[in-house]
Amino acid sequence: MSPMSILVSLDLLGIFVFAMSGALVAIRKDLDLFGVLVLAGATGLGGGFIRDVLIDATPPAALADWRYLLVPVTAGLLCFFAHPALARIERHINVLDAFGLSLFCVTGAIKAMEYGLGPVPAALMGMVTGIGGGMIRDVLAGRVPVVFRGELYATPALAGAAVVAVLHEFGQPLYLAAIGGLLCLVWRLVALRRNWQAPKPGGQSSV
Amino acid sequence: MSPMSILVSLDLLGIFVFAMSGALVAIRKDLDLFGVLVLAGATGLGGGFIRDVLIDATPPAALADWRYLLVPVTAGLLCFFAHPALARIERHINVLDAFGLSLFCVTGAIKAMEYGLGPVPAALMGMVTGIGGGMIRDVLAGRVPVVFRGELYATPALAGAAVVAVLHEFGQPLYLAAIGGLLCLVWRLVALRRNWQAPKPGGQSSV
Amino acid sequence: MSPMSILVSLDLLGIFVFAMSGALVAIRKDLDLFGVLVLAGATGLGGGFIRDVLIDATPPAALADWRYLLVPVTAGLLCFFAHPALARIERHINVLDAFGLSLFCVTGAIKAMEYGLGPVPAALMGMVTGIGGGMIRDVLAGRVPVVFRGELYATPALAGAAVVAVLHEFGQPLYLAAIGGLLCLVWRLVALRRNWQAPKPGGQSSV
């Protein structure tokens, strides 16, 4: 496989995994088939859509190439019909989700720099690509985004995207971006296993 | 009237009806005059805004031509002052809303194809144009989008938009798009009358 | 200082104040450090992002120049560590927030007209720039936007932006835009002090 087709394959895998997480939230919220498919699509493609709209890379790849749309639909249908089985392997889905996050923070940062952004905004766009889909999912499902709720999720994505942006800024070859992806992946997996939490404000505990 | 001015008139009618549905939700949520007007505008124009931003047709028509903005403002003021009377004819508003949905799924798909999208993403954009305003309305009003909640609403819009996209792809003249609109309209009206529901995931009923 | 650098300084001050309001909501909702920073960024930059995406001024200034991003991060960190002290001066923060609102409604309207919008949509974009960040903040924090809830907030912003748009339309020099900003500022401050409320729909009080 060429590097490009590897990137596209990984991208599609990331969309698939994120779409599954959206579909499972929809099922837990007792939404109908359509709600499941829309939450699958919004979660799988939403982060990339936000990035593409902000960096003016419109129409987003998923709208220019319809095969992209098959991926969240397939993930949504799979969850709709097989969710009792999937619930049993949810821990493994979290691991796949960490892969998706790592991949999206890398590809998001690279795409932002290709569209002329500097390294700092590009790192931010990488993080947004990774976490944006989940935020849209949670807003549509009527809950505060879980990414805000303690679990260490966004920081690894930002760190990974920052590494990619710095390497790119110093003219390093593209495959070294894998370092950023690995950093995000390992950090996220260790955080999952050890249940690391992000710091919370002190001095006050009222809502 | 020319075909173009018919299309624009129908578009404005669709915006008006959708804006009324937004204003009525705002009134039921006890929002103030401003909230009523903003929900009216977001519901009437939001679906088109999402489509235009994604297909890079910015600024959206409603911002390029200020007369578009009069429509949701008028609908919002009408509801603000006359909502007790309107509540009595809510069933008829649902019928008008079905017209708006049918129209938006057709015009949304046509516009997306005019901006170079293929038939599958164009059908998706048609559906988004039809349901996007209502989704923004519900998120701003602090509830899970009703379009996810069982009632058959998005599927007719997607079906109508798909018919339009396929006809367009095979070079059929534009007025045949009315077939897609009719399909959406009839399906939605029958679903309303017979209270058809979209399928829900089985095997689990917890929230 | 040149007029341009004054405008940029005021813009950064507005972002800072709005970012603080976002961070304080996040702290009150017991979000983690990341949630605080994201709500700070979304509140400080969100209104401008919505405007820039709609008028096709992408990528937004805050993504083209990374120094913009330092402002909400600083505001977020300040609130994260000093929020007990800040809670005591919250009334003064409301006054600063009124400055931010006045500034954003002016700069938002000017930017929209520079990108070719007419005066009516430009006034709307000015208002959106002023209130959009707070709306995103509230949706992400899981509450109905406060701007809908009685307090007089959006109307002053719309009025200020409308004055700017009309003056610009009649070829008046740019510094007269300060009239619009002053109108918004004074109106908002008096509304704060006297607790003015926007009108609510009559005839019905059920939710």
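Brief remarks follow.
In this document, chain identifiers A, B and C correspond to the written order of the chains, with residue numbering beginning at 1 in each.
What we mean here is this: a contact is a pair of C-beta atoms (placed from the backbone, for glycine too) under 8 Å apart; a residue touches a chain by one contact, two chains touch by 3 or more.
What you see is a predicted model; the values in this text were computed from it and never measured.
Chain contacts in this assembly form a complete graph, since each chain touches every other chain.
Residues touching across the chain A and chain C pair largely diverge in numbering: under half of the numbers involved belong to both copies. Centre-to-centre separation between chain A and chain C, using Cα means, comes to 29 Å. In chain A, 53, 56, 139, 142 are the positions where the chain touches two or more neighbouring chains simultaneously. Partner chain C is touched in their complex by these residues of chain B: 26-36, 38-39, 49, 53, 56, 58-60, 62-66, 69, 80, 83-84, 87, 139-142. Put simply, chain A touches chain C in their complex at residues 53-56, 115-121, 124-125, 135, 139, 142-145, 147-150, 153-155, 197-201, 203-207.
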